[in-house]
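Pasting a structure here, questions to come.
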Amino acid sequence: MFDVHEMEVNFGPQHPSTHGVLRVILKIDGERIIEAKPIIGYLHRGTEKLFEHMSYPQCIPHTDRMDYVASATNNLGFVETVEKLMGITGQIPKRAQLMRVVLSELQRMSSHLLWLATHAIDIGAMTPFFYCFREREQILDLFEEYCGARLTLNCMRIGGMPDDVTPQWIDDVERFNEKFDAAIDEYESLLTNNRIWKRRTVGIGVISPEEAIDWGITGPPLRGSGVEWDLRKAMPYECYPELEFDVPIGKNGDTYDRYLVRMEEMRQSRRIIHQALPMLRATTPGDIKAKISRVIRPPEGEVYHSIESPKGELGYYIVSDGKSQMAYRCHVRPPSFVNLQALPAMAKGHLVSDLVALIGTIDIVLGEVDR
Amino acid sequence: MTEIPEQKVARTADEIRRDPLIAAAMNRAGDAVTDAKEFAGEITLIVARERIVDVCTAMKAEGFNYLVDLSGLDYSKYPGHAGPRFGVSYTLYSFSKNNRVRLKVATDETTAIPSVTSVWKTANWHERETYDMLGIVFSDHPNLERILMWEGFNGFPLRKDFPIRGIDTGARIYPEVFPPGGGPMPGSTGKDVKDVNIFKGEWSHYGLAPVAEIAQRAKDGAQPPKPELATVVADTAKPTEEAPWHNPDLGLGERMEMAKAGSLKDKLFAAMAQTDCTACGWDCEGYAEAIANGESKDLTLCVPGEQETESMLKQLMAGKV
Amino acid sequence: MNPWMLYLVWPLIKFLIAFVIVQVIVAAMNWIERRVLGLIQARLGPNRVGPWGLLQIVADPIKFLLKEDIVPSSAEKIAYFLGPMLPLVPAFIVFCLIPFGPPPTFAVTHTNVGLLLILALTSTGVYGIILGGWASNNKYSLMGGLRSAAQMVSYEVPFGLSIVGVLMLCGSLDLVHIINYQAHHVWNVFPQLIAAFIFFVSMNAENNRTPFDLPEAESELVAGYHTEYSAMKFAFFMLAEYSAMLVNCCLMVSLFLGGWTLAIGGYGLTTATLKSMGFMGGLLGTVIFVVKVMTFMMIYIWFRATFPRFRFDQLMDLGWKWMIPLALINIFVTGIVVLAAPEMIINGSVVPVGETILAVAGAATVALTLFLIMKPRAHAPKVIHASRVSEA
């Protein structure tokens, strides 16, 4: 009479809150999740295979398509790895480095804004969605002003940057940057101290620091668990050591802490851009490319290099045979893929409504998970 | 700005082993490490396949508690590579030492690598992906299934012999066209799926025939080929004195050479696949005779002979050979 | 007057007028909701069809009528068809029982158990939702239907209990009497502040509105019980939902905010004053009523723009552990006050002392809350961060 009656529910791949084509097979008892099994691969495009068949510069637009809401950081990771492979990391001009930093921090803001928008609307708060998109639209306009593209930027080159920025653009970024803090205050006034928001996020999907490391979780979810580890500080790249910023960390490793960490990260990104813009103005215009040969043929060897993407550690593992202009093997270590792996552990015992919050808090982009 | 140290005189394997970064771990499980390399400031340790779990456990105990990445690669087209076909690399990170170390293991298509899921939970999906993409097997893995490709996919996309355009798969979706067990339907042209041009009537690739052709066959009274028979090699498929070419093991060129002096029927016979599979409705000799005396006008019925038989038949009937 | 005219024809005509007006309001609510949401959410809302997008009110029904009506092949056909109809019928009938203005002209019928009938009718609406959710043969629909059932059952209780206090004060189930009582004393919202609050929260939950919109939580259950419905059937669900919202707002206004009157202690626009003005007075009363109702409809929209969604167990917690005990305490206190407190005669009129004390306390609470909300802040509140920031 009182036997457990399990129901199996297909959550996705066509579902409003799976952020793409994630599919989760849920075994539920009433609304409580007994087992969650993520199924991925619906967006697999064989990017790694494609990388093996095209020269290094040709790969850069393909990196855009992986984490398509944070393409600048994808570009950055790839070009830096190739630069490391070629041994020219130290030759990148200061101006190009600053441009890379500004672009990737803008990208971090826009990615976090998209995360906040979808996370909030998943939990039922509708208005932050529109507020976030208002600001994100301005960031996309800035990207458009720089490189003509809004989403798939293709905005970095091996050894430097494709085009110089105009003083006008720097002013525009500054104008946006100066009022961005007020915008974050506005989102926080809607959510941070909202009792319903807190009840939906505090204590949901708690993951301890040890477990987080064991699962390979990186980025804001790791920092939300209280591990103070950010690749921009731990293994700095570009000119991050010259810039002052803090790494926010949480205490409890729950959804609410991850929310706070990401909100603070947006503020820190603003702070970084605020410092980088005067430095950018002080550099010589036009000095944006290292003097490297046009044909990129790195020496034989293999490197792994990673950067802090908005989602976590985005790594590229490139093996070059030293003879061709194409990577022999290029493996991508996508943060979303690894972070998503912990979803079953986080979701177990929670309700279906919490699963929605958890998918939001991991901040996955299926283009990156499936590659 | 981290300057990558200039490539000094390359350190020897023994010197790398004594590097303070990994010295402690080497004391624990150094005997399993067969070689060590360094490139661009990154240390790579070559590990014996059976001992990878031991090494990983030792590394984890010495602070490398974060498995950053696990990926495989296919060395089959690597210039000057000797040894097993695949390599699997494990990138480890130590929070306390703030540095990475790479472990590498070599394997081939069949030999399984011990899974490190018992050491790091995160290895689970990484290993599944490596299996999915390269067909590298991991033993003791709790759930070694395909992850990015679908179940029933007939290949390993990141192997170097896998065509970049993809292959013709879909066994689970269209079982009537693609029988379970993998591979294209017997009788399909076996072409790269992107090269099939159905607008030029290359239906046979899918084991299908265009409507017009089927209607014509019905009018001719000829049976359409029965592809399910096409895998059969009949007992009669042996060379005889009159027909030495009646041997399925010979190539088309060889067979045609043997039948060079013969009649049109002999040449047609030699062009067949010689399996006597009866998919066309005759044995090979019967079909050749039927074409020669005009009983059958359809030259596409030889399923196991595929494209080469078809084109040879066409050339013969056009008098070009 | 001919009894046929009195009891059948006039009520029917009045009902039809009320029905048409209500339906127009419901259709307009859709437009208003989208425009107001747009205003709050820094976007435009519908502005293409007609001036300010007003013709959207017409365009939406046309679209619903012309869309393909999809019936899932595995649906339980009869139940599937009944699903959208069932909530619609009681939602319409209820409008017979609500006095929009001074009776008899502006109320369809005048029943002395009107409130009881309204409660009985509105609570049947959930059957259609459960039926529709179950009949769709879709797991999400089923879960939506079940959530809806559990939610409605849970909140029906505090919903009913919160009214008891009002009934004890006014001593009647007749809405007209309750409204007149308020005009001659004080709006019930002051002596029955807790009840008004519970009633308001419960009516949000009853109508599946944010933050209690779990049965149709789009991010969790796709669209809940109406996932599989399209075209006019979907429109029926929407119509029923908005009608039910309107009914609940009417009840709120009638029970706690003095209905069509605008008076305190018998001074101001009481029923008698309005009646003395003739038909125009009645119309004025109706306008006052509609304005009050629309205020509450706006609050619905405001809520929708502001709040995230509760989780199901939290919703149940709130209902059973907070709302019901609070309602019971309210009944207890009201009972003591009504029974034990003496009545005083001031200036020749009887003034119940207990109710006055309650009203003063309620008014003070309302004033304090308003003061705290409106108080100009010297500094914008700094958001407190739980996160520690590293000393890097």
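Chains: A, B and C, in written order; residue numbering restarts at 1 for each.
Throughout what follows, a residue touches a chain if its C-beta (ideal position, glycine included) is under 8 Å from a C-beta of that chain, and two chains touch if they have at least 3 such contacts.
Not measured: the values here are computed from a predicted model.
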Query raised in the report: From subunit A, which chain is the farthest off, judged by mean CA positions?
Result: C
Query raised in the report: Which chain's mean C-alpha position is nearest the mean C-alpha position of the whole protein set?
Result: A
Report summary line: subunit A to subunit C, mean C-alpha position gap in Å, rounds to 44
Report task. Would you mind pulling out the distance in Å between where the CA atoms of subunit A average out and where those of subunit B do? Result -> 35
Query raised in the report: With chain centres defined as C-alpha means, what is the inter-centre distance between subunit B and subunit C in Å?
Result: 66
Requested in this report: Could you pull out which subunit C residues touch subunit A in their complex?
Outcome: 37, 40-43, 139-140, 143, 210-211, 213-214, 217-222, 304-314, 380-381, 383-390, 392
**Report entry** Touching residues on subunit A, where the partner in the complex is subunit B
**Finding:** 40-41, 44, 46, 48-50, 52-53, 84-85, 87, 89-90, 97, 213-216, 227, 229, 234-239, 241, 301-304, 306, 313, 315, 317, 319, 321, 323, 328-329, 331, 333, 337-338, 341, 345, 370-371
Report summary line: subunit C partner, complex, touching residues on subunit A are 7, 9, 15-17, 31, 120-127, 129-131, 134, 185, 188-194, 196-197, 199-200, 228, 233, 245-251, 256-257, 260-261, 264, 351-354, 356
Query - In the complex, subunit B residues that touch subunit A - result: 1-4, 7, 39-40, 42, 44, 65-69, 71, 73-74, 78-79, 89, 91, 95, 98, 100, 102, 120-122, 124-126, 129, 133, 146-150, 157-158, 162, 164, 166
